[in-house]
Amino acid sequence: GPRPEPYQCTDPIGCVKVAPGEPIHIAYALVVAGPDETLGIDSRNGIEVAIAMKGKLLGHDIKLTGEDEGCSAEGGQAAGTKLSADPTIVAVIGTSCSSAARVAMPLFSQAGFVVVSPSNTAPDLTEPGNPNNHPGYLRTSHNDKVQGAAAAKFAWETLGVKKAATIHDGSLYAQKLQEVFAEEFKKLGGTITSQEAVDPNATDFKSVLTSIAAGSPDFIYYPIFVKAGSLITRQAKEVPGLEKVYLMGADGMFSPDVPEGAGDAVVGLFLSSPDLAAFAAEYNSVFLPKYKELFGTDPISIFHAHAYDAAMMIFAAIEKVAVVQPDGTVYIPRQALRDAMYATKNFKGLTGNLSCTPTGDCADPKIAVYEFKTTSYPPERIWP
Amino acid sequence: MAILVSKKVTKRFGGLEALSKIDLEVREQSIHSIIGPNGAGKTTFFNCVTGFYTPEEGEILFNGRNITGLSPDRVTHLGISRTYQNIRLFKNMTAVENILVGMHPHLKAGLIGSVIRPSWVVKEEREALEEAKHLLRFVGLQGRGDMLAKNLPYGEQRRLEIARALASRPKLLLLDEPTAGMNPSETQDMINFIRRLRDELGITILLIEHQMRVVMNISELITVLDFGQKIAEGTPLEIQRNERVIEAYLGRGAASGLGQVHASPAAR
Amino acid sequence: MLRMWRQRVTLTDLVIWGLGILILVGVVWGSIQTLRLGKYTLAIWYDLIITGLALGGVYALIALGYTLVYGILRMINFAHSEIFMSGAFTATFAADALYQAGWWNSYPVLSLLIVLLVAATVSATIAFSVERIAYRPLRYAPRLVPLITAIGTSFFLQYTFRGLYGSGQKGYPDMDIFQGAIVFGDVRILKTQLVAIVGAVIMMVILFSIVQYTKIGKAMRSVSEDKETAALMGIDVDRIISTTFLLGGISAGVAGILFLILFPVAHFFMGFVPGLKAFTSAVLGGIGNVPGAFLGGVLLGLLESVGPSLFLDGLGIPAPYQLKDAIAFTILVFILIFRPTGILGERMAQTKL
Amino acid sequence: MQISAPSFSWKEAVRVGVLGGAIAILISLVGMVAAFGERYIVYGWFSMGQVLFLAPILFMVSLTLRREKASTSSKTVLHSLLAGAVGGVMLAVLVLLGQVINLRAVLVNASPRLYGMLTFNQGLPAGPFVLIAVTALLGAVAGAYHLLPPRWQRTLSQAVIWLILTGLMRDLIMNIVVRWRLVGELFKTVLFASSGLQPIGAIVLLLLIGGLVYWRSGQPAGRGFSLKNQPPTIRWASIAGIVLIFLTLPQILGVYFSEILDNVMMYILMGLGLNIVVGFAGLLDLGYVAFFAIGAYTMGVLTSPELRAEPLTYWQALPFALVISFISGLILGLPVLKLRGDYLAIVTLGFGEIVRLLVLSDWLRPWLGGTQGIQLIAQPRIGSMVLNTQEELYYLFLLGVGIILFIAIRLKDSRLGRAWMALREDEDVAMAMGINHVVVKLLAFATGAVFSGLAGTIFAAKLTSVYPHSMNFLVSINVLALLILGGMGSIPGAFVGALVLIGAPELLREFAEFRYLVYGALLVTMMVTRPEGLWPEERRRLELHEAEEELKGAEPVPAS
Amino acid sequence: MPILEVDNIHSYYGHIHALKGISISVKKGEIVTLIGANGAGKTTTLRTISGLMKPRHGHVRLEGEDLAPYKPHEIVYKGVAMVPEGRRIFTRLTVMENLEMGAYTRTSKPEIEQDLDRVFALFPRLKERRRQIAGTLSGGEQQMLAIGRALMARPRILLMDEPSMGLAPVLVEAIFDTIQQINKEGTTILLVEQNALMAFSIAHRGYVLQTGEIVLQDNAENLKKNPMVQKAYLGME
């Protein structure tokens, strides 16, 4: 037959060529080892679910490799250096932690990758003009500003509380969220009785809660992660003076492990999270069973759905921009892929209706608040 | 002239008075022995002199200077050096290194000097090494210098300990049972050796010993302690005849046996 | 007398004492400020103290394991925290099974015994094997070498359990008999807390009696000092050491259960922080000393619980509980300055010369 | 008296099989087998996952065989076959058990995927039998292998080990060779598949390495090459060669390996420092990360425009950082002067935690950045060039290591070094030798602190940011572990230890979440097999040989 | 048949060949002494007998039974006790507990009590200091404790490594009296001594060790008269 015209790559930052029989290579840079590993492993599981559900992409297998980023700057650098040396990688899902992203992103960006983070929340990463904002970076997780403000609004308007206390765990995520919350809450006219911090690996929070109780707040906001979050939820009920106080976390605690760890005390706990209303059905009926089938457990942390969405967004964008040759060879122009990613509109994800801003914030800006009415997961959506 | 004077030194451990009001004078260039039953407080006295223990009462003068309560390193700097009843060498260092550590007080290189190693440090190190080898030869350990101290046989460890003590160029050397675990012939060597220390190096020696052939042979003066008290003091002959000492310490047999040793040709 | 004192006291002593006094002044000043502010009512102080005691009880229990092993091998068994974790983690599965079967609240005592048995067996077995594989071959190696194998073992155990059970957390079912609180006037103590404190005391007394008064205990102390000579007495050194590890393992298992009663979640990393704290407690009390471990644990628990509120709050330091470990360690330094071998440590540092 | 080695009996075979099977089950249930199911060694043929569950059985069998004395050949093969089969049966039981009860409720990795892996995807009735057959066969092979002459044994084992390593390290090797176009293409098309080796490549490799080993083992045993025995020209040439290699290393290896090298060197820096504190002076320091943090944070505070209106440059800030590290060494040293052994360990550990907690705290956030860390830290400039890539920073590390190495070597054989060692051996006696333990100990702490602080400054510059999370306990543990692994008190040991403990795990990044598991197991294995360390400290010979001549004439009981 | 037979043993410390073919035999009821210079290998011999070191070649037999398969603590159960060189008492235990440890292999309470009385009769000083932590005893007191502790095992054969080291002359006499007394009561004794004169005065037979080899063996009387022994070990010229 007639020989096909060899594809000429005109993309300013190059193309990835995937020969027939070769897989399309996606990488992850998540924290998958060490004390913070549940965060990253859960996200990676989310990606694997996406790959399993997708099957083949443009007739090619999808290959997932990756690196531990250790939830630290140095880990980010190691992972960034290693991955950016591999030209077959099309896109990276990661990082788990903002500190790693700040160091790894310049390397990824330089290598021409598309990077989608399921869990970075630090505002600077997508702030236009900020030195930490790099081309190719997107995220399906929330910018802290959105969620913290929403929580403040909910507390002030819906619950009508006047005095609030916050707790963070020393992570960038929690520290920023509670800071935004506190600012917003004060702006609305509320009082912050105390802003405490705890060690995420500690188990006894009764003393800190007792000390918080001394300021007699009506509301405690602790946008932290599952382990400490569930223990705080539980122990707050045991501290005199806090029995009636409203408790609220953020999407960092949106996990079945929270009722597992908190027991009956979880009833009444509020969580802010992206509005799952439209998609929760699919999450429960399709995603969770697949997850359980593949990994034998329920999700162990919270950003699996974000990672799933990140992967699916990438697949969709690849399908959109890839040039498929008659022999099955696929060319993926890198800049075009980036553009396609940034142009994502109304993508139906598990975490909402995703549309990306030009600087890469793709999360659904609608925040909802959920409440555990019983000890069963997931909680009920009650606001707005 | 007395090089070491102790005035009413008292040391207590809980209820036990290990030393009570000990008065002692060690004459310069003499060999002075302390004997006494086990637990009499001899080692405790050494520990008080060298600064390991601070006596509750009394004072200790060295060359007229009050050294009561000085820390051990300062006492050493003043010129007192010692050996231990249970050998305490730096086990994982070689023999030469043990001696070099002993020279610590009169070497000068500090942190900067050690790193930059100017010519005076190089010279100092070279001379120290020479002196160490000399000391090894002096105690009969030539050729053993690069062995780890812990691998030396017992007797050689004893001698190495003395060499290490000598390395600090002491004016007063305290020997705590230097011949323990030696057979009579080795003991004889040690006797000669101690004499040489005094005669050739001019070091004053304060000695704790249980072997009477050593004590009676070389001491100019003997102090006897019992239950922390000084019960007698005098020349070897006086002590041998002292009823109280015989009773508490020498025992009848040994006292008579002593004559035998004296009569032996080894004694001078 | 005065002159003697002057000769003995060096510049460094002065600096160290100065440091001690500085810490003391900081602590006292902070406390005064806090108390003057009056933010905390008496009831709150009681609460903090009780919380501290319960937490301290758990620390103390884990610390006992450290101290036992230290006492005999003069080594810090870094893997002990993982032995604690293994018992606790396994217990959650047993407890869950019992809960599913409906026994948990209908036969609470029996269930508790079963869970205790499971936890103690698992942790004792692991403790025993760890000694056999990672420590015994190194019995005559330099002191720091087994420390490193202990660290290696610790990683290995952590990640083995992670691999086996997954890295999520596992809840431990509440038991009805431990629900609720006992109130004496202003003092309110949760039953779970009471169980932790009493459990720790009982365990401490048992272990202390074993070490101090039984033949095995004396053999343990002999072995600790001089293995060769102990063997010359007819003591089977290997067996005594294994026994010690078994005891340590059992106490870790019990600690695991008490821990779960207080903080009912288990995960593979749960051993690390309590382990570190317990190790600190053991040292604080005088490592190698059983009552010392207990005292150290309780003191540390109290410091962590009461310290930040008492010392820092009044000084206007934000988020004082973030610094609770810093306080604990500062006080530790303070105590060790004046008692270099811990509160109840042997004053035998003066070895015979 | 010889204790006869237990001969390999039926009972022993079963015991070995059970043990091997148990290890294989553990590895399977921990999740490694399934996770590496797609990591091919030889593409389409066998994967790392299979190696992981077959190797323990094979290993146990051959380990026992090696200890065995006399036995007839057929019996050996038969016994090892049995041992292998027993191991296989244990795994098969696991598979079958998994069909009957839901093991997964407790053991998350008992997945259908694992069962598939274990049964070579042969489905249920056949699978377990295939498994047992394979393990039995492997056992028999191990037995037969044992009967081979040593030369063939070596050939076979080395070829297989290298095959597995090459297959496993595919990505790393490609990472280096892609930059040499031709070789890269060749490797990519002939040797490697998209995962692991091409079957043809594997056969070629097997023959190549096998042949090489076979040929080498036929050569007369070459004497070890020692620099000391060479004439000066060769000696200098070799040293120059080594220096040259060190200088060009980043160019040869590329950016990723430079990153690894940078990390290794950073740990060497800290290792040399801690070696002074722990190795020389015997002061067990578990909070060594504190000084690293102090160095890094001083650099951050002084050079980041986030915290200062007029930030300093790297070189301007460096002396401050070092001086502050030195002072903090003294500050830690003072209160712990009287403490010994493990009391010291816990206080230093506490010091490390205090420093971490302080930099993390909200209290000091206005000055130290708190959780958010410090960013935009200056990188060193030389002239107009900014050292900012991993390759360039390598030279900064190299310079640092060079200087520190010189200092460490000089200190070791000095008056101060001896004083440290004396203190380590016996503190009371050292004092009685006139050593001022206060000064000497403080110097040890402070010198160690400076080395670590230096490492911290380069670390900060390398990342241009510091976070409290980087300053955790694990760093201290790592440094201590590398020292002891290398050989306590030994300077070359610090290099070897860092290479093995920091470098090798970087290469094992493949193992991702199993990294710590493997790390822990290796740490135990290495220490148990070589407790003195990989490169133990050697005592310098000072008296030299002249004296040994004298000794020959000396009496066994030398009299003075 | 000798109760204890050491048959051509070779022992090593790493590469150091410390014993080069030592053979000793001790008959029931004897006191046999081992003398030799520092480093001759006396201690090594005793350590090899008690199982603390395993010989690379040769055998140690107790009443004909080879001790090779036994661990040190099992050898104690067979009736071999040792007073180790340098005392090696348990410094953190009390005097009383040290003595109890000596009787670790024994079960009969009254017998232990009886032996305790015997030890206290022998060393009244120990009785005074029953409750004291052993580490704070003086050197000599520690030596008494070490001997007392070994006696508490009521051994059939007692190995003593320089029991008179560091003791006051009165005590040395007493110790040697005690040794004889113990022996008369039926305990066989293998005694390593530096105080050769004293040793010969109570021993039946003796061996002379030099750099890991036996160079002389004879009955005590003859050894005492041997010129070589006189010169090297008795300090006579």
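Labels for the chains are A, B, C, D and E, by order of writing; each one numbers its residues from 1.
We take it that a residue touches a chain if its C-beta (ideal position, glycine included) is under 8 Å from a C-beta of that chain, and two chains touch if they have at least 3 such contacts.
Worth saying up front: this structure is predicted, and the values here are computed from it rather than measured.
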**Message:** If I rank B-E and C-E by number of C-beta contact pairs, which comes first?
**Reply:** B-E
**Prompt:** Which chain has its C-alpha centroid at the greatest distance from the C-alpha centroid of chain B?
**Reply:** A
**Message:** On a C-alpha centroid basis, what's the spacing between chain A and chain D, in Å?
**Reply:** 34
**Message:** Rounded to a whole Å, what is the gap between the Cα centroids of chain D and chain E?
**Reply:** 48
**Message:** Can you compute the centre-to-centre distance for chain A and chain B, using the mean CA position of each chain? Integer Å is fine.
**Reply:** 74
**Item:** Multi-partner residues of chain B (each touching 2 or more other chains)
**Value:** 43, 52, 71, 84-86, 88, 155, 185-186
**Item:** chain C, residues touching no fewer than two other chains
**Value:** 10, 166, 318-319, 322, 325, 351-353
**Prompt:** Can you list the residues of chain E that touch 2 or more other chains?
**Reply:** 37-39, 136, 232
**Asked** Tell me, which parts of chain B touch chain E in their complex?
**Response** 13, 35-40, 43, 85-86, 151, 153-156, 177, 180-188, 210, 212-213, 248-251, 253-254, 264-266
**Residue ranges of chain D touching chain B (in the complex, touch as defined)** = 406-407, 410-411, 414-419, 421-422, 425-426, 428-437, 443, 447, 539-544, 547-548, 550-551, 554, 557-560
**Request:** Over in the complex, which chain E residues touch chain C? Could you list them?
**Result:** 50-52, 71-74, 76-77, 81-82, 84, 88-93, 97, 100-102, 104-105, 133, 135-136, 149, 153
**Residues of chain C that touch chain E when the two form their complex** = 215, 218-219, 221-222, 224-226, 228-237, 346, 348, 351-352
**Prompt:** Can you list the chain C residues touching chain A in their complex?
**Reply:** 39-41, 43-44, 47-48, 51-52, 55, 162, 166-171, 173-174, 188, 190, 259, 262-265, 267, 269-270, 272-274, 304-306, 308-309, 313, 318-322, 324-325
